[in-house]
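Have a look at these structures, which come just after this line.
Both complexes below contain chain A, partnered by chain B and then by chain C.
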Partner chain A sequence: MNLMPQSLSKYYRLFVLSWQNGLVYRTSLLIWRLRQLLSTLMALTIWSVIFTDQSSAFSYTRSEMISYVFLVSILQSLILASSLHSLAGDIYNGNISQQLLKPQNLFMHFSALEVADKLRNVFFSLIEGAALYALFMPTIIWPSLQTWFVFIIWAILGTVIHFFITIIFGSIGFWSPETWGPKFLFFMILDFTAGKLYPLDILPRAVQQVLLITPFPYLSYVQIQLFLGRLTSTQMAWGWISLLIWTVITWLVAQWVWTKGTKGYEANGL
Partner chain B sequence: MSDAVIQVDHLSKYFKVYHKEAGLWGSVKSLVHREYHEVKAVDDVSFEIKQGEIVGFIGQNGAGKTTTLKVLSGLLYPTNGQVRVLGYNPWDRQPAFQKQFALVMGQKNQLWWDLPAIETFLLNQAIYEIPEAQFKKTLNKLVELLDVSDILNVQVRKLSLGQRMKCELIAALLHNPKVLFLDEPTIGLDVVMQKVLRDFIRTYNAEFNSTIILTSHYMGDVKELCERAIIIDKGHKIFDGKLQSIIDRYARNKILSLIMSENVSLKQLEKYGEVKEFELPKVTLLVPRAQATKVAGQILTHLPVLDVNIEEPPIEAIIREVFETKADLQV
Partner chain C sequence: MRSRLNTYFKVWWLTAANAAQSAFINRWSNALFMLGKILRLIMMLVFLFLLKDRQLSIAGYSSDQVVLFFLTYQIIDVTAQIFYRGVYVFSQKIRTGEFDFYLLRPISALFRALTGQPDLNDALFLVLFLPVMVAVVWQLDVHITLPSLLGYLVLLLNSFMIVTALHIAVLTIGVLTTEVDNIIWMYRDLIRLGQFPVTMYWAPIRFVLFFVVPIGLMITIPAQVLLNVPPSVNLGLATLLGIGSVIISLQAWHWALKQYSSASS
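== the complex of A and B ==
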């Protein structure tokens, strides 16, 4: 007996299909994971070398920084990974026409694909993380249950914000074939401002202040700071407010851009 | 009140197109200044289609056929005019409407490329909320009609073009659509597969009393399937009526194909009509339609003929003449 409402079972089926699709090519899967593993391994090695003859750097202890690298690896899989990189091109080339014709909510359709992709990423990241832990045997900071709870909610909010930003950038395809440039610029900015390559608090204070009014630090950095216990209660409140505000803003913009885009959609190449 | 399933009333759809000058300098200039002009893809087109009809959309590339289908399926927002399909405004994209029609595109597919076709069928079952019993019944019927039981579990990318097209049709028809838009469904297929698909479309139409609009570059598709045709030229409807009436009006000649038993001269043949082919023993003559039977009789009496065949000119040639003469066919 199917206990799932029919309206949801379509997205569940899409989720399952996305997993199946992601497991078709074994070599691609292996190389993809190897790339992720090497990226984390490299970061761990660099920071381990920096901490060889000093107990702290940039106000981080060794265990804080190693924990940071592990958390970045997980959050990158959860928040920053996306199956919608080709959305703008798919829109411009008319490849989303079939989806627009079906009795489904397209936002839910994309969400199902995103969740499937992110969970696949997290699944493999956890296995790789365990392997790296066995290799480096680092001291990992483990927060309280309450912090864990808030961390998970913040990670989910970060994921939602990133999803809406992806939809906004993907919507460029409704108007222009030049989708690669803006996307490339976005990912460049994201690499430097989401805390993916280094903690943002090693930057000058003025730069930090500016960054904190953009959505980017809320796509990994603040979650990690929370996990490591480096946020004051004021900063936590600011974190909550910012995450909620950016969720609403990006949601509204994504809705508006998508509605406007579909109205002018030309279904090219059909 | 009209009993039409599809109502199109003064439909227009215009696009803004960027016009680039040729050459490198044109590309450089386009970086700072771009000129756009408006293209009238569909301009003031009206028609109605009743339930159960199969209508052929005929037109040259860029005539506006596919644009019309895109508007009818709710993909494009019309610039002007009204469109109703099954009583719905397609652009509203209401699930109740989307569950009753399908658009099949010969050049775009909905099958998941790296997975077997059956996976897409199961996904569509969930998306269209098809009850299990109905799904199994329809799937079995379509699989039997199209003879694809042995390829359902094969990766789509490993299938031939014809096999893929059959699976595309199944994916599009699982929810038993009342209205079917077929955009070049036989493109790229060999003649055997074209016939299989035409037979299938005819059977589907008869069995489900579905309303079908078909666009195709293969006039054979239109001739075999559609009693009624709509001809579109540069966004304007120039004909809407029985395909046979175009043939009657535009096919001024019939073709007499002769196999001669002895040699004859060109001069002997020219008395009976325009000689199109003279490669003895094979001869082809064009004769006025009204006199075709009489002339054939005269040839049989006066010339050494082994075999004679009277044919209509190919529909492609008739349609070509329609576009070349640009006559007003409006009915």
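== the complex of A and C ==
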């Protein structure tokens, strides 16, 4: 018996197809995961060798820093993994036309693809995490159940913010095929604000304060700080406010850009 | 011989001029790309100087010494991207059949495939980066002598040979399988491990990085020589492996061409 409402079953089918599609090119998937593993391996090695003759550095203990690297690799598989990197190209080339003509909500369509991609990445990053755990044998810090709960909500909010940012970048395709420049800059900024190599709070305080008013730290950094128990109650409150504000802002901007783009969209001769 | 070299230079120059014109069409994208690269460089240097500030060392190297490993990585990676960007679009050339036309022309198909799309962005980045590098090195507390500098420059040539061999190997895989994208990005991630001395990695990984995908020979050994630190691999062996890798990759390329049967048609 199918208990799923008719309106949702098509998105579930899309999710299943996207999941299966991601497993078709197994060598590509394997190399992609291996690439992710290499960056985690580099960060783990650096901090392990730094902590061989130090008990703490940058106000982090060895366990905290190693936990940070482990968490960031898993969390980025959830928050930053995306199947929509080619969205701008699909729009500019007119490939999006067939999706626009179907009786579906396109945001739901994208969401189904994204969820499948993220779950696949999280699944593999957990396996890699287990392999790295066996190799480095770190002491991972585990928070309370209550913190776990907040952490999961914050991770979901971070995922939603990144989804809307991806839609905003993809929407550039309505006007120009050149999206790789802004995307590259975005990922470079993300690389040090939520990066695997080092946490944001080792940077000078002024840089941290500027970055905390941007959406970047809310795409991994604050979630991990919460997990490691490094946030005061005031910082937690600011975390909630900032995450909610950035979710609303990115949602409004994504809606606005998408609507503006589709209104002027033409795809002759396809 | 000289006129042949002139021909190759003219072809390369024409390709570079076309790539430059193409880059100028997308000025904003290129400007943001450049900004991203500069930002990445600055943030990595900031990280290394923060290590210095806390007097932290990595695998027995001071943070000042680690800066030199990182700068060596930058030189090799950026130079390879300037000249060998063609590799990144090679699978497309195979799939569309454009590579077949390379084979028909009176110029090496390998040369066209390898140097097909010089990267103006990276060339500009290198021009900006070199003075910054000199300024950074100037204020580092490292022991560099004239012989060590000369040895470094010679070993950089060896590194460039290895980089060339690795790019030819990627093209060879492309000819055989039409798949290049994943392999070249895998190489980029592997070379990134060389931002730090590869001696810090776990022994099996260290072995791979010295002798299988010789990132260590390309980056760690020249930097060790520059710092007057005993190299992890004998210099004669490193040079032999550099020359050997080019010979083997060329042999593999010629063998792969014999197997090629035009993927597109």
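Basically, the second predicted complex is superposed on the first by the 265 of 270 C-alpha atoms of A that agree within 3 Å, B and C clash if a C-alpha of one lies under 4 Å from a C-alpha of the other, contacts with A are read in each partner's own complex, and residues count from 1 in each chain.
Simple rule for what comes next: a residue touches a chain if its C-beta (ideal position, glycine included) is under 8 Å from a C-beta of that chain, and two chains touch if they have at least 3 such contacts.
Keep in mind it's a predicted model, so treat the numbers as computed, not measured.
State whether A:Leu145 touches chain B only (first), chain C only (second), both chains, or neither.
Touch status of A:Leu145: no partner.
Please indicate which partner A:Ala206 is in contact with in the superposed arrangement: first for chain B, second for chain C, both, or neither.
After superposition on chain A, A:Ala206 lies in contact with neither partner.
In the three-chain superposition, say which chain, chain B or chain C, touches more residues of chain A.
On the superposition, C touches more of the residues of chain A.
After the superposition on A, what does A:Met137 contact: first (chain B), second (chain C), both or neither?
neither
Looking at the complex, which residues from chain C come into contact with chain A?
These residues of chain C touch chain A: 26, 28-33, 35-37, 39-40, 43, 46-47, 50-51, 54, 56-59, 179, 182-183, 185-186, 189-190, 192-193, 195-196, 200-202, 205.
Within the complex, which stretch of chain A touches chain C?
Residues 27-28, 31-32, 34-35, 38-39, 41-42, 45-46, 49-50, 53-54, 57-58, 135, 178-182, 184-185, 187-189, 191-192, 197-198, 202-203 of chain A touch chain C in their complex.
Chain A touches which residues of chain B in the complex?
15, 66, 70, 73-77, 93, 95-96, 98-99, 102-103, 105, 107-108, 110, 112, 114-115, 119, 122-124, 126-129, 183
Can you list the residues on chain A that touch chain B in the complex?
Touching chain B from chain A are residues 6-7, 9-10, 12-14, 17, 20-21, 24-25, 94-95, 97-98, 100-104, 263-267, 269-270.
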